[in-house]
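In structure tokens below, several structures.
In the two assemblies presented below, chain A is common to both, partnered first by chain B and then by chain C.
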Partner chain A sequence: MMVQKYTYTLNVIWSCMIRDIRSMLTDRAFTLVGILTPLNAFILMSLFVLAGTQAPTAVVMQDSGPYAQQFYQSLSATNGFKLQIVSASQATSLIQAGRIVAVITIPADFDQSIQHNAPVKVGVEINNLNTDFTNDIRRSVPNAITKFYANAFPDVVSIVPKEQDSYPQDTDYIKYLTVSILVVGMLFGGVMHAGTSMAREWETSTIKELLFSPASRWAIVVGKMLGAFVINIISAAIVLAILVFVIGVQPVHWGEVIAFSLLIILIFIAWGTFLGTLMKQRKQVVVFALGLSIPMFFLSGPFGPITFSAPLIQVIAQIFPVYYAIVLQQHAFHGFDLNTYGINLNVLIVSGYALLLIALAAFSLRRSAIAH
Partner chain B sequence: MSGDFVRAVWIILKHDLRIWIQQPINMTATLVPALCFLLITAVGSSAVGHSPVALVTLDRSPMGEQMQQIFQDNGTFRITNATPEQAQALFKNLQVVAIITIPADFSQQVAAHQKTPIDVTINNLNTDFTNDIRAAVPDAITQFYGDQGSNSAMKVQIQEHDLRQRDVELFQYTLVPIVILLLTMSGVVNSGLATAREWESLTVKELLFAPIARGAIIVGKVLAGFVTTLVLGMVILVVGNLAGWIHLEGIYWLTAMLTVGLISLMGAGIGVAMGAILQRLQPVISLGLNIVLYLFFLSGGVGVLAFLADWLQAIGSFVPLSYGRHALEMAVFYNSTELLGRDVAVLGGCALVALALGFLAMRREVFA
Partner chain C sequence: MIGTKEAVLPLLSQTTTPALEIKDLRKTFGKFTAVDGLSLTIQQGEIFGLLGPNGSGKTTTINMISGLSKPTGGEIKVLGYDVRRDIRQIRQILGAVPQETALYEELSAWTNLNFHADLFGIPRKEKKERITNILKLVQLLDRKDSRVSTFSGGMKRRLALGRALLHEPLLVYLDEPTLGVDVQARRAIWDYVLNLREQGKTVLITTNYLEEAQTLCDRLAIIDHGKLVALDAPQNLKQLYGAQVVDLELVGSCEQVAQIRALPGVKDVVVTDVPDGCRLQVITEGVNHLVPQIINLASQEATLRDISVRDPNLDEVFLRLTGASLRD
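Coming up: the complex of A and B.
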């Protein structure tokens, strides 16, 4: 009797899963959009990041003496600028056309003044249109001045920064951020697939058949989740391949990448299933998935440890599983510890969310059955 | 005949507007993504470039305190003054991105022209934070020397000249691309849904077999999307101006409104074409949102297209939103009509192409 019950439950799970996969494959256009959606999120967010790396700046070299050249090298070494040497008139037209952020003018008497230890003013004309870029320029030019003196007159300017880093090498911003973007791609794909799959049952009225069948609510929820899980693994694999082979992020812990990815997909699928049960309309789920993913991404510490953010954001971030998912993936890919909880506790928290969301989905389905 | 045409257009327009107002999902699909971006940029802008840093001042002489004050006044950091032990604890608990230590013999070493290292311990987990700190510490050192006046050993000084009287904050700057995003999303999604709904609810047959011109159906549908989008755009421009986020003056109100109108028309045209081709609400929302977001990011997103890599700029030059954004930025930030003719021509041309696509898609259905 017991064996028969388990076999029946497994049959229900299997049937729900296969039916959902078939249904998704029938609606090819939507499924293709769904599979590519995490990839879209990944590409779009990457474009967002690419927009803010280096400030394009024109340098007008009115003096070509050795100190002026050395100063230009110092500007170049700050990594804050994308430099181009142009004439004064070209620089004026470039800044007025909004194609550069600033014009740095090294004056004609630069070398002479430096040789005579006389004050010399480097002109910095800034298009102060966007404080992000403007402040980069305002910091980078003094940085270049310090570098210039450190190289040209190491004995004159004695105050120098002595840097000690936590990690042996820097991690490029793009490589760091794309890992966080992977998580938001999984969130969007998971919520959308699972949510629409569940909502479709209401839209097509097939939910009645499911609810009035003797199958357990748990088995239905698990079966539907597994269907969405399979589709999401395909999406995640595509994004992961791009991350590794195109962006060049080499995971430090491959095992963690795979295990955490599966766990994270599971949570977002459970989340989507719950939302689909609540909303009962696919278009609402799609809009919600998009509306949810973007703020979740920015609020969950994608740029660095959440403790570097404002206190309110820290509190909000720790309410949602996306934050813990980012912490886990950054550890898997780069070996970073982004909070002090330790990896095991982060895994436990994420697993707790998964169980909670699955339970909520099953519970809301049960309530629907009673309502019917 | 023309009276019938106008009457048909008016009825379709009224009907679609009523449905738009009555169905909250339409407003949500239109407003939520753009409002999310607005919220994000508002939150994100306040956090940009303000890394938490522990400052340990071991030299309590006037010179040491002067250096400490410079670090505190530097806009890059959120400084926590700490003892070495407190700083280490903060660093270990990821409460700060770096520890800056002004050494105990700072003033003596500076006075004696001896090498005076300021220790900077950085959690270099990504170059965004790390480079901010790396640039900000030399900035503080330069300022320290600058404060010495004519006695300063550092003779190179900065003479800054800003193009505009006041800095435009990041949040203000990002408002223009977000307006563009909102307009396009509203146009595409609303018109797309309004058109696809006719197929889903099977009312398209009544429309197509009614004794009215096909053109009237298209114009009515496009006008409904255009009106809602235009009104949204105008409200944002007015509210943004009243709140002081943007500054539109004189004739530039007109150029801004013209740009908003053309983007709305183009979005509505694309939406009608998509709705007629896809004929279902679900793919219209999914595909519409994706297409609009791609267009938005490829036109520079919340960054600056001219500052992106050359290959991205080349792609961006084929995205009509780049021209809408250029025209609006010229009006809002530069008080200029530079290249307005080009921008209007591109937007107008794209709007016409989108309308033609919508017309063809509907026409195909009549024959089908």
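Coming up: the complex of A and C.
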């Protein structure tokens, strides 16, 4: 009797999963959107981040002496500019056309003045319509001057940093950030796909077929979640491939990447299933998925550890599973420990969220009444 | 075993057990009372119609019978099973055809039935045969691999009916079974429903087509504002209204209405003005000699343009019991 009951439940789960996948496959546009949505989120957010990294700056080299060359190298080494050497007239037309943020002019007497220990005025013309870029220039020019003196006259600069690193390798800003974006892509794809799949049952009234049946609500929810899971694994695999092969992020722990990705997809699908059951309309789910993903992205420490943020932000971030998902993926990709809980506890927290959200989805399905 | 009726057979073997027993059923949503002390009993093998204007409480009642909504008070038993305790067993013996058909239109007819079979735990070895038989029954076997979205409204209704029968339910619930289908499809669906009674199944129908209720149902319950306002066989319900109705159209004065109304055996006279006279609907208790008397009185001060004698119809019963005002 017990075996038959379990066999029946497993059959319902399997059947719900297969039916959902079949429905998705027959609705090609919907499936394509489901697969491409996390990819789209990933690309959009990556572009947003990439667009703001370096200020386009023109350098007018009126002196080509060795010190002037060395100063140019120092400017390059700050990573605050995207430099191009142009003539004075070209620089003027570029800044007037709004195509560069600043013009840095290395004067004709640069080398001579340095050799005679005389003051040098490096011209800096800034198009200060954007504070962010303006501040980049204001920070980077003095930084370049310090670098120049540290390299050209090491005896003069007596204060030098004695650096001790927490990790054996530096991590590029983009490589750090894109891992966080991967998680947000999974969030968006999971919530949207599972949510719309569930809401669709109400929109088309097919929920009645499910609710009139003697099948357990748990089995129905799990079956539907597995259907969405399969589609989201495909999306995640594409995004992962771009992350590794295009952006060049090489995971430190491949096993963790796979295991954590599956776990993270699971919680976001459970979240979507719960929301779909609650909202019962695809349009609302899509709007909510968008509305949820963007604040979650900024709240959960995408640019650096959340411990660097204000205390209130830290408290809010830790309410949501996205934060723990980012902690896990940053560990898997870069070996970072972004909080003091340890990886096992972070896994437990995320698993707890998954169970809670599955339970909420099943419970809300049980409580669902059918409106006419 | 789940998916068969073995678990529910002990109670079903008692043929005297009512198919559905509702006692003092109540459902409130906040301050709004959707169902207010409803009691009725449906016997096994009956085709029972549940009628009522929109918002009368039909759907809420059905939702409570199928366990989709919890009663605020009262009792529902389906073939002896209490809806609060034994909802799994009830769902196993209940076959539902919702108004919207609830079919997965992007999938084929066969896939829809196959999914239903899995949800109801139909054994794998029986599944194929049962699906084939059902598709034959509803005359859709040749379209088994077609997407449901390509079906006409009537085909979808037939498929939904077939799906509800796939797990061999004992109580079949049909919500507006012929809504939006053509005359041929309606006749076909009626035939399937009448066949169900021959198979000993109990059928519960909600419909707004009173002709349908009259043709199919052994008994009808009319509910309004969540309360039972009438319950009887269609013929007996019509007697509530009157045994015969005499329709007259008069040219000229209609002052003789009061005299007609005063005749022994006349229950009521409904007067409708027309440009050159009036139209009278005389509801009688069925006394034969009344017709000449009515004609005699009516033609004293007016010219009789038209006259007909007929049985009352269910529309008239329904409107008398529930009122003519719009409910939507």
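Note that in this section the second predicted complex is superposed on the first by the 368 of 372 C-alpha atoms of A that agree within 3 Å, B and C clash if a C-alpha of one lies under 4 Å from a C-alpha of the other, contacts with A are read in each partner's own complex, and residues count from 1 in each chain.
Methods note: contacts are C-beta pairs under 8 Å (C-beta built on N, C-alpha and C of every residue); 3 or more make two chains touch, one makes a residue touch a chain.
Keep in mind that this is a model prediction, so the values were computed, not measured.
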Partner chain(s) touched by A:E209 [first = chain B, second = chain C, both, neither]: second
Chain B or chain C, by number of chain A residues touched: B
Touching partner for A:I313 - first (chain B), second (chain C), both, neither: first
Touching residues (chain side chain A, partner chain C) in the complex: 1, 4-5, 8, 11-12, 14-15, 19, 22-23, 26-27, 204-215, 368-370, 372
Complex interface listing, chain C residues touching chain A: 1-3, 59, 63, 66, 68-69, 88-89, 91-92, 94, 96, 98-107, 111, 115-116, 118-121, 147, 163
Chain A to chain B touching residues, read off their complex: 29-30, 33-34, 37, 40, 44, 47-48, 50-52, 54-56, 71, 78-80, 82, 95, 97-101, 113-114, 117-136, 138-143, 145-149, 153, 155-167, 170-173, 176-177, 196, 281-284, 286-287, 290-291, 294-295, 298-299, 303-305, 307-310, 313, 334, 336-340
Complex contacts: residues of chain B adjacent to chain A: 25, 28-29, 32-33, 36-37, 39-40, 43-49, 51-52, 75-76, 93-97, 109-110, 113-132, 134-139, 141-145, 150, 153-164, 166-170, 173, 278, 281-283, 285-287, 289-290, 293-294, 297-298, 300-304, 306-309, 312, 329, 333-334, 338
